[in-house]
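You will see chain A twice below: alongside chain B first, and alongside chain C after that.
Let's turn to the complex of A and B:
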């Protein structure tokens, strides 16, 4: 038995040596490995990492034209002006060029992070917003069960009853929705413009707060709990690859059991490339004045 | 019917066929949202075991939505080939699986078999199939259709060139269309989703694309994916449409939400025959996707995969040129991640093909799903292996109007090269004449959209 296994080992060793000679395996005895490596591979320079003073790398822009020797470069320039689509970026074989691939990955990463990361505590402190949760326990549940994001948790309901002014004319809530980054990007400008504009017009504004893992419909629950005449939600939109920072305002007048989606007034596309946030705040003040006067929102407002 | 099964000394009992079908499903968030999915891995296997022992007659006798209540059920049952069905009605679903996979069961036999199966039976057998089973079986089925050109020719892979634009800019649409054509994408159709659903927009886009096709002698089809009634009005006014498009679903109430009925689709087909520019006989283009019924709350307690099969049962009545499945489009509440969407794509491709439909797939994802480009590329390669007739083609994979990611012009060309598949024959000749492809690969000029602006 022992002799047999010794024999086996010998055969295996010989085969491995032979393979190593032909450069077919890295799994050989230390000595041989040394020889093989030296012969076959360049040695890495063993310099320690030093701060180079270079600027950090950035993701390549895809605004250029990457087609080599195009038939008509002016025509491609006109095409690229006509659409934000990812065109004129050529190819590596049939695959995208490295720059285009990295840009796509970076855009998607930004969108994923907008959805799956939470608004930071530091941001909420800075904006003086306290946090309440919905019935959704975490992001996964929030995404899989839309109805849970439309209702405050019992604890959340208790907190807002305790901390918020009752019977406001306008209750502002900040809701992460599908983009936490849109909240951090836009709320610092929209919220002060909105609050100051309303207060200046003599409108009684409630205590604003932040709702985590919330959907549009959660404003109905808040409205009922606080007996608000109007609720306005600043809520993150589903991110696209072009921007992950787009925010919407949804406004509902006197929400109740009969509220339907068409009762909401929607103002979307609030971000630097769309309606800039400060401008959006001023615009929302005007919309809210009209809603309070008409005592209606959504389709009913336009009738 | 025995609706009980013992798994590891635990007995699972089910109330009815509908519940067995739902719980036998691979995990999908939509079924959990509807509260009908299996609660554990053991319960899922128990449901599969019960399902494997049901006969096709058991399933026939228990439609998941009653015949009298639902137009989709009526279309499925009224269109069934009873001669085939009567021959096989005593088979169990487990036996049906083995027949489908059998080496002697070829394309011809599978086509005949499909005529004698209701959509619920096709869903049932797919629930007993692994991903490789689905690819293995789908690969055997070849469903061709003809509008101006023939789709589904063995050894080919076609693409819909999808040059959408966020404001329907004609120049923007044509810029992306040219980019796609320069990659060899567009033999299935050049199809645009408009932002504005009105007759003027539809007519304007149809006319521009048609004129471009004529100028450059491109052998393909055009289509604008507005609501079918809008397209019909445009065609009545003289707009040139080769294919008429509509989204369809697996229950009457969901089709109501889409604003579509069987009668309306028949009228659309008749109109396309007498006023359209497509040669035919196949003149319609449908889109479908798992989860549509659940997100519209029109699912009748039926799982999303069975609902999708019923959509195909409805669609086959109208002999479409192409059916495209976009299961990853709705969002994480119906399909949560990459694993779920790949599974759905393979199920849908197999189920559609067994229904006799010329199927294409859009392995796609939204930004709020737990999926990325790698998942999508795996799904695309598997569906190509399973003999999908076509995929979409979107610039850089980023649809800037619908805000989701789908197969790119690059992916289109890559999959053809990886699997040695060719464009549709007339289109391949056109690509060669244009100097876009050469010996089955992209040629030097490929990827230059300005070859149309000499």
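Let's turn to the complex of A and C:
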């Protein structure tokens, strides 16, 4: 350790002397040692990264075709239309081009944000959803201890007993899961479409609410507490690099102690680039009607 | 030979039997195909039904089209052909789910062509539709020949020209999609010759123009020499080549074009020939005598040879098609039907519906304001009501700019109000949207309309003003409907140049 820092100091001193010789640091002051130490210290990272001047870094578009002189540009166009994968972006040696790399990193950052940020209070107010917590105290615990996200906190259980209509045919819950941003992107269209369709079909819909730091299994707990015939969870999917905004609907019929994962019906890939959220809401109405009629969900429904 | 018509039917995989009947200038043919529709989405996604396979199960004999005279098709004889071929194939009309009857080429000009197409459709099966139009014929031939698939597989632009007995139908495909069509009134059966002989037995009207241009004054009963036949065939071939290549169009080609000429403002990668004459284009026979070229009772073989010669002169090497003489009938049988998107709203009792007139109320996409939507739909509905000709009307649109619940609700409100005068118990409200939003749009419409009328709201079908569509009963557990678009949209894309 000591040897390393000595070496580091030596290098820094040499560089500074070299720069001084070329007249790039102004006068070589008597307290030269102080200056070099200061320069070697890492700069604080509180400022967002800016490429130059005051312009924030713009994320490059990767919708174009970057292959120089392609043999058949039409073929690349068709292929690009068929997939959101990062194709037709050429390369720099064996590596991606800078633009493609920056976009990749930006998408990755967005995926990270989707997991770590919370659904905003303003959003919940707008959607008229109240918030309850699971047994997970915070995001970190939620991520490390999956089982805590499958159970409401005692306080949460008390709140829903107090605020929710009991014995509904369909209980809708909104759960952040692994993508808070997918909730904000899709729920405003799925929820009204779903509620409208169910109500029009004469189905008794319970009081919807939001669960923070929740996983799929929390729907079993909610179902048991409210004695719901069916519970639908609108839950954020693990974000990917194509979209961080994909949401799933998990549906369970009459959850109890014997409920296993195969009992759940799931529809994934609800987002603007997949099944449009409003359309998905209307489709879920049909699925729920079938589940209520068959009195079963998941694999039991398909038998 | 008895056809084993096996069908599978469950919510994720279904086969349908489709027939094609082509009543052409020279020949009449029937094919039976099996179309496979599958849910291609993974189990955890909203279903996505797609046509995954088209297999031709049965090809009929090739019959000469029975005509009473040069103006009337022999309906009884055509019906006999259909019944006979069904019997041979071991097929009953009840087993047939869909398909199309098309009357093509010169035969389409006969006085009873429309009636024949409709009566044959009824005879062939419940949802077999009657189709017509030179542009549709061009598209079906190009799909049947394999040109559409060629352009999709090779990511290129492929031009198909189906040289038949009466017309040459041109369709250009880019990545599997048709981009342009045209039709020229030239075919191998426009001049009929005594079989294995050399006496002229009939000259169709369009052929007179060719003969006039060649300075030939043939009459029925004449026995011209081979060199005269060759000069007429050469001019026909030249006109055909002119119609599919860019450059000046001679007055005679202009006169014979039945549609505006191709724009050809793009590079064509491959040219394919189908139709009865195509076999001669890809063959290597040479004309030695009139009696040798007249084996089919017309100048078809000679025209094929002449086209091959002209192609060689122009330095064009044509691509080989998958089908030649059967291209159009296979197009009608296997490629006329399509399916809607997989999340739709339909009242099953209202289907099937045939010959639905398509109107596009919105010129520049769906307006944002509800009032404007209502006004535009109302105007379109009024236009149809005052016209009085259309029994069923479909309102076609691309969909809201952004498929949000609020926008769809607004659109449903606008359509319901605008079309209020038009909806009645026996006239369902038919809406065709391009974007994937028919389920939610249908849900909103149903709630607004209540008991006032039935709804057929389907998506992922592209149609435009002036098209006609037929919508079949739902399949795949009620998830999708078969749709036949009888498009006329290419008719008015350019002004005629003659």
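Here, the second predicted complex is superposed on the first by the 219 of 303 C-alpha atoms of A that agree within 3 Å, B and C clash if a C-alpha of one lies under 4 Å from a C-alpha of the other, contacts with A are read in each partner's own complex, and residues count from 1 in each chain.
Methods note: a contact is a pair of C-beta atoms (placed from the backbone, for glycine too) under 8 Å apart; a residue touches a chain by one contact, two chains touch by 3 or more.
Keep in mind the model is a prediction, meaning the values are calculated, not measured.
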item: Chain B versus chain C as contact partner of A:83, first or second or both or neither; value: first
item: Partner chain(s) touched by A:266 [first = chain B, second = chain C, both, neither]; value: second
item: Residues of chain A touched, compared between chain B and chain C (which is higher); value: B
item: Partner chain in contact with A:104 - chain B first, chain C second, else both or neither; value: first
item: Touched partner set for A:67, first chain B, second chain C, both or neither; value: first
item: Touching partner for A:123 - first (chain B), second (chain C), both, neither; value: neither
item: Chain A residues contacted in one complex by chain B, in the other by chain C; value: 72, 75, 78
item: Contact set on chain C toward chain A in their complex; value: 44-46, 155-156, 174-175, 343, 345, 403-405, 408, 435-440, 442-444, 446-447
item: Footprint of chain B on chain A - complex, ascending; value: 62, 67, 70-73, 75-76, 78-80, 82-91, 93-96, 100, 104-105, 107-108, 111-112, 114-115, 140, 143-146, 178, 238-242, 244
item: Contact set on chain A toward chain C in their complex; value: 72, 74-75, 78, 188-189, 192-193, 196-197, 200, 248, 266-270, 274-283, 285-286
item: Touching residues (chain side chain B, partner chain A) in the complex; value: 29, 32-33, 163, 165-166, 169, 171-176, 178-179, 183, 331-333, 336, 366-368, 372-373, 395-398, 400, 403, 405, 408, 410, 413-414, 416-417, 441-442, 445-451, 453-454
